[in-house]
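Taking it in order: structure first as structure tokens, then the write-up.
Here the chain labels run A, B, C and D in written order, and each chain numbers its own residues starting at 1.
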Amino acid sequence: MSLTLATCRIIADTALATGREKGMKPLGIVIVDARGSVRLTLVEDGNALLRPDIAHGKAFGCVAVGVGGRALERMAKERPHFIGALGGLSRDRLTPVPGGVLIRNAEGVLLGAVGVSGDTSDNDEVCALAGIAAAGLKADTGE
Amino acid sequence: MSLTLATCRIIADTALATGREKGMKPLGIVIVDARGSVRLTLVEDGNALLRPDIAHGKAFGCVAVGVGGRALERMAKERPHFIGALGGLSRDRLTPVPGGVLIRNAEGVLLGAVGVSGDTSDNDEVCALAGIAAAGLKADTGE
Amino acid sequence: MSLTLATCRIIADTALATGREKGMKPLGIVIVDARGSVRLTLVEDGNALLRPDIAHGKAFGCVAVGVGGRALERMAKERPHFIGALGGLSRDRLTPVPGGVLIRNAEGVLLGAVGVSGDTSDNDEVCALAGIAAAGLKADTGE
Amino acid sequence: MSLTLATCRIIADTALATGREKGMKPLGIVIVDARGSVRLTLVEDGNALLRPDIAHGKAFGCVAVGVGGRALERMAKERPHFIGALGGLSRDRLTPVPGGVLIRNAEGVLLGAVGVSGDTSDNDEVCALAGIAAAGLKADTGE
């Protein structure tokens, strides 16, 4: 089983709706599949130029390293030289903070990752989790 | 007036629906705004790893150089060294073929560009044009 | 309304004149528009090789992330791994220190950013602010 | 003797005035010194996103390789593999077409280069030559 575009749309629409309900700042969301290839990007109005890249770095970074964004941030604090190197190895496509969440199916198979950016990292993650839950899939924040 | 996410959704949904109606291969679509910043990416199931990058290069290349994809392809044939250089100058984010189409409003103001990839370049362009028309905006293919 | 070259010249000439009046070291100034595209660069005599890049990173970084240079520096101190990642995501075009200032019009619309470099970061910022004020526009240092 | 900012302003103001007199499209101009470091950039209103980079690649490319833009284009046609390699070696900062012109003083000492972009390459070069002449310096187009 792989990640379908239909599933990506459910995740993204719920994530963005969650941000609107909670009055968050304009968000950007990127979903990559298990290969790290982008399947969906949606960036709300009023965002900074780099928003899609920041959100992409959250999603891609999680799939690239195989852990959630909280684990990447923990690694960044404990072993900054390692995350610095991973940044370069990923060709500068890694945003090691919360808001990047792995997507797994019921059997635990990795399907991809969601990256949300625009509000606080904690709020970004709330939206990602709402989206993954709406699709009936399992989230891994790296906590 | 700038490009809204709501407009991007209209363009993309119509573009992808056009591909399905016409029995095209799975498509990827990217829409960038006038800043060259990605506002929407949707990649249908069954696509190659690089599909979103190819579609992005079509959209970004058009906005970066200020012409449609057919003009970029013409330049590539007539002055390959110049398009080669533009590829580098754009940090390898330029796909100089049809399927990249500039989006303008009724007054001719540049709003961004659409890049579609997955079928033949001509078919890709058909989808981009259908999407832009559905949004009531003006398309510039560079022809 | 967008940023014109005429406005950029007013900002830059005033900024550099301010540096001369106050006896600052030779300065470099870069102004980017809301797309992050360079509209003006002026580098005074006697500067180091990297001066235009440092000034560019101040201006581009502000527009890319949507905040002033003081906010970027604060983020760099509080979450160095995040600013480190933004550096990579921006393709190494971010200088997260004061002297980068967002330019907005009276209605608060983002027009671009100024980056000044050459003296202390605080002094660099004084020049940027003088330039933006001379153009009758609003400055956002991120403080 | 080295290139001063005052000289760069004379070159650029004359180059841009020439473009206006002749009814050319909006131009971008970049001047780099003998080190390849940018001393001046001015981009007229209504230009594409990549304009400053294209103009920079003309100026930087000339200084980097030590020949004018016409020589770079000739090399690109005769030995495309070599110019392709130079593009990479210059870290994608080379635009091998006319409009890039070396600046020398009366003794033939290299002071830097001008890159103009926006109209046809031939017209771009006309503006660069007018600017260099106005500063009383010698131009080398690589012809």
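List of remarks:
In this section, contacts are C-beta pairs under 8 Å (C-beta built on N, C-alpha and C of every residue); 3 or more make two chains touch, one makes a residue touch a chain.
What you are looking at is a predicted structure, and each value in this text was computed from that prediction instead of being measured.
The centroid of the Cα atoms in chain B and the matching centroid in chain D are 30 Å apart.
In this assembly, the C-alpha centroid of chain A lies 25 Å from the C-alpha centroid of chain B. For chain A, residues that reach two or more other chains under the stated contact definition are 47, 49-50.
Taken as a graph of touching chains, this assembly has some other topology, since it is neither a line, a ring, a star nor fully connected.
Listed by chain label, the pairs that touch are A-B, A-C, B-C, B-D, C-D. Contacts from chain D toward chain C in the complex involve residues 2, 4-5, 8, 30, 35-45, 47, 49-52. Chain contact summary for the complex, chain A toward chain C: residues 47-50, 53-54, 57, 73, 76-77, 80, 83-84, 87-88, 92-97. Only residues 34-36, 91 of chain B touch chain C when the two sit together in their complex. Interface of chain C with chain A (complex): residues 35-36, 63-67, 79-82, 84-86, 88-92.
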